[in-house]
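Labels run A, B, C and D following the written order; every chain starts at residue 1.
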Amino acid sequence: MVAPCQCSKSSSAVKAAANLEDKYLSDDPNHPANLICELCRLFYDNNWVTGTGGGISIRDTKGENPNLVYIAPSGIQKEKLQPWEMFVAELPDEKLLRTPNDCPPELTKSYKYKPSACTPLFMSCYSMRDAGACIHTHSQAAVMCTLLWEDKVEFEISHIEQIKALPRLKFNESTKKIEKVGSMDYFDKLVIPIIENTPHEEDLTDSLQEAIKNYPGTTAVLVRRHGIYVWGEDVWKAKVYNEAIDYLLELAVKMKQSGIPTVRK
Amino acid sequence: MVAPCQCSKSSSAVKAAANLEDKYLSDDPNHPANLICELCRLFYDNNWVTGTGGGISIRDTKGENPNLVYIAPSGIQKEKLQPWEMFVAELPDEKLLRTPNDCPPELTKSYKYKPSACTPLFMSCYSMRDAGACIHTHSQAAVMCTLLWEDKVEFEISHIEQIKALPRLKFNESTKKIEKVGSMDYFDKLVIPIIENTPHEEDLTDSLQEAIKNYPGTTAVLVRRHGIYVWGEDVWKAKVYNEAIDYLLELAVKMKQSGIPTVRK
Amino acid sequence: MVAPCQCSKSSSAVKAAANLEDKYLSDDPNHPANLICELCRLFYDNNWVTGTGGGISIRDTKGENPNLVYIAPSGIQKEKLQPWEMFVAELPDEKLLRTPNDCPPELTKSYKYKPSACTPLFMSCYSMRDAGACIHTHSQAAVMCTLLWEDKVEFEISHIEQIKALPRLKFNESTKKIEKVGSMDYFDKLVIPIIENTPHEEDLTDSLQEAIKNYPGTTAVLVRRHGIYVWGEDVWKAKVYNEAIDYLLELAVKMKQSGIPTVRK
Amino acid sequence: MVAPCQCSKSSSAVKAAANLEDKYLSDDPNHPANLICELCRLFYDNNWVTGTGGGISIRDTKGENPNLVYIAPSGIQKEKLQPWEMFVAELPDEKLLRTPNDCPPELTKSYKYKPSACTPLFMSCYSMRDAGACIHTHSQAAVMCTLLWEDKVEFEISHIEQIKALPRLKFNESTKKIEKVGSMDYFDKLVIPIIENTPHEEDLTDSLQEAIKNYPGTTAVLVRRHGIYVWGEDVWKAKVYNEAIDYLLELAVKMKQSGIPTVRK
């Protein structure tokens, strides 16, 4: 999948945003509303969010108010998202500060936007892990791993160099938070919990929270027959962790198909 | 496959179109003639319409006359299509209102254009399902599924999240039409009929119509050893359904190869 | 593989070419020297000509002198080719009319260009089949088919829709030439001869010519453990035939791996 | 993976670089600092350096001081690298002449850059083989080959045309150096040593140097469960060798999975 070049479209969208004089929009390409659009195009090209699947949310960790959370809308073609289509909520009470439904009808064309169905799951990552961004994809490698190990509740892999891109997480007794204390080692075993899918995305919240609690070392949760949630300290860490994990999941599928165990004794 | 960037070419083509003062062409990137070109480039990059295979038709559902149907020409390289190369017909009697053969010879270079051989199949989707657009691809995942289940007349898959991107369709007693009443559920079984291929594309019409009649819940028909037809209420719905179905067909090939049943009991 | 965007580079190259006042170069994007560059970038993105592999030659069938043949140089990164780097020869005696070695040293940087090692093979397609263009790739699907059917001297496939993109060829008694008389049918068996590889590319000439002679219906020759040669009446036909054949070779590998015969009885 | 188009960003980065009046930066697209950025985007698109994996170093073989070596920083997203982020060291004593940490804080945002962990390995290629550039990727084909032949310390392949893209290397008695004396032949056996991975990348140095010493004919070393190092006389040769080797590794995985030996007796 290669999304059409958005060079010119993006800049005109940015201008339209400027005209809106909307304090939740910006010309800065690193603004959360703009980054969500850029990353969704990238994820679409990777076949991770085709068919309106998947989602992303970014907390404005570098902005004036680091409690602001930007959330992509539900059911929209991810590669065509525009910055003005974002929802904005404020932590910790998740008060909705901005909805694209307040934009002029020339933009919304009277479409009624809803925040991503993943919103309560994103919020769990923010509240339980102090995440700076959370990515959800329908990656086929993720789905295949949950099918190839259908009787397991954990995906495991060890002794692959790419594991070193993932964070070593530890409970900090003084801050009472899970914090990054370095990177995983080559010989470490990466363990990602797999939770069972539910008919409604929001119903995943309880089991996702339980997995986050039970696996203090994980920065991701796989959802059987569905996809994966990955979070990180900021948007770029979340992106890098997601890439590294997807690389490992893709490799694990190939290893399984060739009869090579993913964990070396 | 990555079609060459058409940034500059497209805009000059749009200008050429404007010079034609042709009421079936427009500067608006969302005009059917322009969207057919954009989507064909995208489909080419997905290996769905290489070698002049596949086709697409869009009904101008948002235009002044929603009975106007735009149809790509037959046998042309899909990634190089230009807006002026479209045929336009009017429903319900399918009267041809525009042919690219009326364009100046500087453009046509005396090539004799013919409407896509899929035209009667597209028309079946318009007349029987009130579709807003119809997509036909030679997707290898689609062909492989018809080969891996060669003795079946239906492709089936259940319990995969991506199924939720597809529409729940139901016969409306008052309008006497099949209408979308929501989306499919995660645990629903998606069933797509498979019809046998024929030497001439137009000879598929009868069996396609029969499949549409017999499967009121489907928004797609697979053609054995050939590809797939997917339609939707408008062009973007058709695109999203096609992406979601292709994702599921690709996954089904992998599941079959790993001995995992596509339907969970 | 996605070659870096050449939008701006190409146009400056065209300008540089114009400055050269070279009658074998042109601003027209459809000029053979420009098309070779465009197609090589496309082929690179398809993994067909990476590592300087593969090659292409175009005859100027629409130009003033249709006997002029443009040939890409040997051993150059295909995705970085510039129009001024082409060789030009004239049929039938293959006299060399232009070599990039005559360009100013600012361009050549004193590199000594040689015409593609495929040149005698391209010439065979021109002389024996009156081809308008000839494409040579190291496609992995092509190599895999010659390995999966290592004991066969023909690749065969039938009853796949994409076969219809290929030409039906016949000997014309009056012109004494092999000519296109239509397209293949869905149920036709496509047969592509496989010749054995040789240490030096030019040593393939005899067996390629023999295959062309023995298979009057073919528009391509596979080379065992090496790749494929595909030609057509003009450059676009050659491109479309090559795409359609590669689609079929890719599908054939998948069919073989799933135990599905490529020819239906 | 398709990295976002950097057309406009690159040029502004080049301008920012110019403002820096930094003698290790240049407007010339062929300058090592610019080439590292261009190639990292290309490698990212090939899934070779996702998740900050991999690395590259280029020696300024065409510049005033051919002992200058440019090195990408450690742990940065490879597709987003900017020319000013490079380290520069001088051979043979590897004295660090430039660090991005000296750039203004508007650029560095106080991030503390470190040179790639591969630096001692790159330096081994420069000192032992007089290389002009060295590429390190986490290519899945490379990792899979080290897993599929887990009990072997060499990867072998013969009788594939693409082998001819690789150099024939020989010890020159008068210069006391390993030098390129031509290209490999089709029927030659390409042998690439496989070394075992270590927890820390720099600890690979000894075994990499031993492999380089023991395999005078190789231009690459595979690292088990990790990736590959490839070098060449200059940056373009290194790129071409890396592409050709990755093509062969990808093919070898397919051959192994189909039970076809990679070496023909």
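Keep this in mind: a contact is a pair of C-beta atoms (placed from the backbone, for glycine too) under 8 Å apart; a residue touches a chain by one contact, two chains touch by 3 or more.
Just so we're on the same page, UniProt names per chain: A, B, C, D = Methylthioribulose-1-phosphate dehydratase.
Being a predicted model, the structure only gives us computed values, none of them experimental.
Visitor: Return the chains shared as contacts by chain A and chain D, ordered by label.
Guide: none
Visitor: Which chains sit in contact with both members of the pair chain C and chain D?
Guide: none
Visitor: Just grab the chain with the largest centre-to-centre distance to chain C, centres being mean Cα coordinates.
Guide: A
Visitor: Do chain B and chain C, two copies of one chain sequence, contact each other through the same residue numbers, with over half in common, or through different ones?
Guide: different
Visitor: How many Å are there between the centre of chain B and the centre of chain D, using C-alpha atoms for each centre?
Guide: 44
Visitor: For chain A and chain B, what's the span in angstrom between their mean Cα positions?
Guide: The separation of the two C-alpha centroids amounts to 31 Å.
Visitor: Where in chain C do residues touch two or more other chains at once?
Guide: 2, 5, 7, 257
Visitor: Using the contact definition from the top, classify how the chains connect: line, ring, star, complete or other.
Guide: If you draw each chain as a dot and join those that touch, you get a single closed ring.
Visitor: For this structure, give each pair of chains that are touching.
Guide: Pairwise, the chains that meet the contact rule are A-B, A-D, B-C, C-D.
Visitor: Under the stated contact criterion, what part of chain B meets chain A in this complex?
Guide: 2, 5, 7, 38, 41-42, 45-46, 159-162, 165, 185-187, 236, 239-241, 243-244, 246-247, 250-251, 254-255, 257-258, 260
Visitor: Residues of chain A touching chain B in their complex?
Guide: Against chain B, the touching part of chain A is residues 1-5, 7-8, 47, 50-53, 77, 138, 140, 143-144, 147-148, 150, 197-199, 223, 225-227, 253, 256-257.
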